[in-house]
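Let me give you the structure first, and then I'll get to my questions.
Going in written order, the chains are labelled A, B and C, and every chain counts its residues from 1.
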Amino acid sequence: MTRWLLVASPMLLLIAPPGLAQEPPPMSEASETCLMCHEVLHPGIVSGWKSSRHAQVTPAMAMAVEDLGRKVSSEDVPQELTGVVVGCAECHTLRPGEHAGTFEHNDAQVHIVVSPQDCAVCHTVEAAQYSQNIMAHAHGNLENNAVYQDLQHHVLGAPTRIDGELSFEPPSADTKALGCLYCHGTSLAVTGVETRDTDLGEMEFPVIDGWPNHGVGRVNLDGSLGSCSPCHARHAFSLETARKPYTCKQCHVGPDVPVYKVYSASKHGNIFHTKQHEWNFDAVPWVIGRDFTAPTCAACHVSLVVDADGELVAQRTHQMNNRISWRIFGLVYSHAHPKDPDTTKIRNKDGLPLPTAFDGTPAADFLIGPEEQAKRRAEMEAICLKCHGTSWVKGHFTRYDKSHQTTNAATLTATGTLQEIWDLGAAEGPSAGGSPFDEAIEREWTDIWLLYSNSIRFASAMAGGGDYAVFADGYYTHAKRVAELQEWLEERRSSGERSESK
Amino acid sequence: MTRWLLVASPMLLLIAPPGLAQEPPPMSEASETCLMCHEVLHPGIVSGWKSSRHAQVTPAMAMAVEDLGRKVSSEDVPQELTGVVVGCAECHTLRPGEHAGTFEHNDAQVHIVVSPQDCAVCHTVEAAQYSQNIMAHAHGNLENNAVYQDLQHHVLGAPTRIDGELSFEPPSADTKALGCLYCHGTSLAVTGVETRDTDLGEMEFPVIDGWPNHGVGRVNLDGSLGSCSPCHARHAFSLETARKPYTCKQCHVGPDVPVYKVYSASKHGNIFHTKQHEWNFDAVPWVIGRDFTAPTCAACHVSLVVDADGELVAQRTHQMNNRISWRIFGLVYSHAHPKDPDTTKIRNKDGLPLPTAFDGTPAADFLIGPEEQAKRRAEMEAICLKCHGTSWVKGHFTRYDKSHQTTNAATLTATGTLQEIWDLGAAEGPSAGGSPFDEAIEREWTDIWLLYSNSIRFASAMAGGGDYAVFADGYYTHAKRVAELQEWLEERRSSGERSESK
Amino acid sequence: MTRWLLVASPMLLLIAPPGLAQEPPPMSEASETCLMCHEVLHPGIVSGWKSSRHAQVTPAMAMAVEDLGRKVSSEDVPQELTGVVVGCAECHTLRPGEHAGTFEHNDAQVHIVVSPQDCAVCHTVEAAQYSQNIMAHAHGNLENNAVYQDLQHHVLGAPTRIDGELSFEPPSADTKALGCLYCHGTSLAVTGVETRDTDLGEMEFPVIDGWPNHGVGRVNLDGSLGSCSPCHARHAFSLETARKPYTCKQCHVGPDVPVYKVYSASKHGNIFHTKQHEWNFDAVPWVIGRDFTAPTCAACHVSLVVDADGELVAQRTHQMNNRISWRIFGLVYSHAHPKDPDTTKIRNKDGLPLPTAFDGTPAADFLIGPEEQAKRRAEMEAICLKCHGTSWVKGHFTRYDKSHQTTNAATLTATGTLQEIWDLGAAEGPSAGGSPFDEAIEREWTDIWLLYSNSIRFASAMAGGGDYAVFADGYYTHAKRVAELQEWLEERRSSGERSESK
């Protein structure tokens, strides 16, 4: 009998989380009104919500939880919200005056796009942290940076030929929404009102430019930045979903940021994939060795993690870079993390809005210093050390730091080759008024730092390297691209000589 | 208590599907005879079959199920089959006169390759639908199209050098079976008989050319087209397998049709991967929000889907394109779906068997019109709307439609560049009697529409875009290839000028 | 009732493996001492170990298991180990005199890196087999082969430009550890002693060069070769982990050896991914059709597999190539498996340490002959035949063998093109004293056999081909690279003619 209970208990936990009453807590009348129609219209949304904690717990119940298990961080949730579950109306009619596009809908003042500032009513600490997360600023950091705009223009733009010459027309808003802004976030704007013929007769709805979108840096209709949906998906707000690496994969899958691919090929990823069926992804705090036996992305970067004795290993953070000393993603070199999540303020020594100069010099005034880097490294190591010995951890990070040096040195070499190509006039670089991203040979150079150096560094960080770091968008093609750049230069030199010797 | 039953019920269903008697239903003597040897020889096959519904239900039992839960669509299953489970003999000795290669085997008339027409005895509606599925015609659509044959020749063919010139010998039947025909299906043919020394003495077996194969468009020994095995794998015929995206991945994994990769990086894929352990993949009909909380490939394209009240959301279809308005896969441009699943009949305005001309003009007479496109779009949207609001769905499809326009426009630009290369004589195009697929620079052009445009469109369709659409075989390399084509042209122009000025 | 037990039994097995006493068996005092500190310091390690069989079974108990279920292969486990569970001290203080770097730690003689020779105390057969596995020699096979060193140099080396010319500096030890040696294994060496300030005061620890590493061919501090950790991960030593394909993926993920990717896209991988939740990954022996219904990597290459009657299908092997007739991985052509796992002894007809010559001639004296190949093929087929008919299996391997012929023939064609490039002086080949791997055009040639031919052959072996074999690093790009090599040659020929005609 005991054995049977042992097996059954995780299930029972799912059914009746500790602290939940047998009788479901009350729902507001407003939300009940919503469900009358929407349960029929959008059963997928409603069933997702019903499976969520929001449907099963009131803020008052959540605020009664003490210490590390507490999920509601606000101390002052408005009285009218505390006694009912968090239903449709609680979020979609919250702060109606703050949202452009709030519309009257069956006597309720509804807004379609719930924003982090809405969530902040109960989750104030997390929303404040996320506002300091560089991801919350992903829209502006891309759209308000002339260099990145130039790259985006030549990646997403419409290739056009006039008189046999190729140029790129600016990408349309739709293409940008499908491309970079899908992850970076669109900027939402109400552009009008439309009338739709619904099952309940004609109704009016706002027309929202930039919708749908759940990019991490979405600019919302209340002016707030970001979205909680990328990780806390849809209406189930499942911790399990947020803690599994498939969530991060949505935006971290290509060779520029091959996070999921590298993780999957790592020892950590191997253990996750083989053993996740035995883990508990819903426990708060999250207990190392009991709830999980290898980290997912969340364990190292976000979650509140404790050891089996309940001792704190790492605080929950929605800023997410508190444990990260380097920014792996090279622009064009990897570098210490930016101080401010708004990276448009950065100027390198050449006056460009880039965290490093083309010769590798970091824009040091705008980046965290060695002391902060060491502090963040120590916070990360505290997690590693719960499963690895000191020499293991030190050895890992020594190599990881070296991978930044060597990939950046290779980028410097490649940049030297490109500079010579520009000097030779074989391509038109910035000093001649050209874009560094519009010609094919320049894109060979871009590949080196944007795809292959990044892949190597991510593999080094998470997997410790290996076949991924070498053959899957790593060293192998990295070196090939460097050699191709050189070959191209030499061929143009020869052509030039052939022409001159005519 | 109710809740506990809710959780427990899927398990109980697995153990004892409703309608199944405690006593297993009878097996035919013929199948019992098969099992006497084959249970020992091929325990993997037999155990797979034993786990199947075929081993646990007779046609009579299946036909007693009313309404949407019914899985046997035929009304007139032959009397001798209705009272026994569907065992070895029921399928492998069915319609013996129709199959070339039927052989005597221990007094039974056995055929090795069971065809859709065999399955049609009980599943007549599904077989009829599948015969109208473009996939059923995948063999002939490839093998009987001169343009596609030319491409296949230069992809699978044997590269050979004679006097320093490269050419491609036609691919062997084995290479074709490993390559394109693995998915498209081989054409089976009995070429003789062989005698094998078995545990039970010498026995004769037919020799079947093109075997093994489970391509979707296999030409069978009874003349029927297609195979049920690609999705209803092996002898378990598991609905769970058919409904999970790993099945589609078998043929939809490369950058030409990166369906599984895109799905995995999408929000739908994220939810599937994190929550599938709570879903019920065996329920018929399949209930949105209860049995699954995010669609798999099958939910949108194939399955019989209802809402929690049992209201029909989408009919089961094995034609599979009833909800698809565009054919994403560009040849060389994406286009409205073909009217007829036999695409060899198509002629574009230049007389080529392609759904679009090289200048992008669709072969409109052979493609569905705007009205049918709108109808199919509406059928798809009906599913989307069960979990998404109207503005979400409309916004998604607006961008999706735009992605066709922009990628096709880019292909037109690239085709213009290639045409100029051909006109310049730097490569030998069709008008000079050459293949458009045999030279390296022509393959740069092929990459643009066959890999990168397709990837962008698939990402747009399923994920809404994102990092996959940009960096993983998407916009980033798409634009680079367009620029490389241009650079190549300009270099040849310069070389020409250098030569001329000599 | 019978059916219910059938379903329930795998669960019960997980709770109480047969033969385990209710009372946990005793732990050694030495291990108890370890746990006093390390349970607090490294809870992740300890919880992993507690979940392992090592924590729950003594060698004496394991040796009492008869026949195929026995996991301890040694007959003569030292007396002092037999009566206690296999804890920290049992492994980390074993054979202290044999390990460089054994250090005094709280009165125990501890070594950090447990080696296969330590494991051999109980698992002597497996350790002996693994020593004959080519993977155990992966470090030396790479590091002591001048040709492979040349390739590694131009893949991992630091690209540097001097006077506008590109060269590669030798890779650092750290880069090698992140790159090739991550999988191939580093060579460990004690380089000193360091004092660390720990929670328990100052303590001394050895400094180990090459640590951390769990490469398959690691050179250990007791001189033994290899590591058990790549597959038997960390301290849980989980059979489930070793048997799932995610383990092999750690090193077999890139386009050079895309084993996991190909498997995932195969029918076998499809069934594994959809049905693994119903399988038993811990049973020994492993029963086809009952414990699993489609093979994982381990089922075909490593595990002890029986049929439902307990009849042996395949013996357990840690040599792992007993069932492999061809070495798929081309160097530069695929070939019969090497006789000796130390491949540095091989000399081809040109005296190079390669299993084939540049013209494809195998170094036959060093490779297994047709008879041994046939024997290994038969051992593999015995497994296939448990789920597939004879004509299926024969047909599969006929095509597979052909895929070696056609890809090797294509490599020969490409090598001819490269030779002409070298002869023309357009690149500097070995006969002119150059490396065959340092110039961009040579890397086009390398791609052909190292990425695309390998991918085709792996896809042929495991998936039977398909979309992966064509478009995902297969035939499609394979043919393109061959054409690009030719185009490059022709352009250089033309340039030469233009120059000469000046």
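Note that a contact is a pair of C-beta atoms (placed from the backbone, for glycine too) under 8 Å apart; a residue touches a chain by one contact, two chains touch by 3 or more.
This is a predicted model, so every value here is computed, not measured.
Student: Can you work out the rotation angle that lays chain A over chain B using Cα coordinates, in steps of 5 degrees?
Tutor: 120
Student: When chain B touches chain C, do the two copies use mostly the same residue numbers, with over half shared, or different ones?
Tutor: Different: fewer than half of the residue numbers at the chain B-chain C interface appear in both copies.
Student: Round to the nearest whole Å and give the separation of the Cα centres of chain B and chain C.
Tutor: Averaging C-alpha atoms per chain gives centres 33 Å apart.
Student: Return the residues of chain B touching two or more other chains; collapse runs of consecutive numbers into ranges.
Tutor: 277, 495, 498, 502
Student: Enumerate the contact residues on chain B facing chain C in the complex.
Tutor: 14-16, 40-48, 51, 112, 154-161, 164, 166, 168, 172, 174-175, 177-180, 182-183, 196, 205, 207-208, 211-212, 214, 233-234, 236, 238, 240-241, 244, 246-247, 249-257, 277, 438-441, 443, 447, 451, 495, 498-499, 502
Student: Give every residue of chain C touching chain B within the complex, in rising order.
Tutor: So the residues of chain C touching chain B come out as 3-4, 7, 264-267, 269-271, 273-275, 277, 288-290, 293, 307-309, 385-392, 395-396, 398-399, 402-403, 406, 409-410, 413-414, 416-417, 420, 456, 459-460, 463-472, 474-476, 479-480, 482-484, 486-487, 489, 494-495, 498, 501-502.
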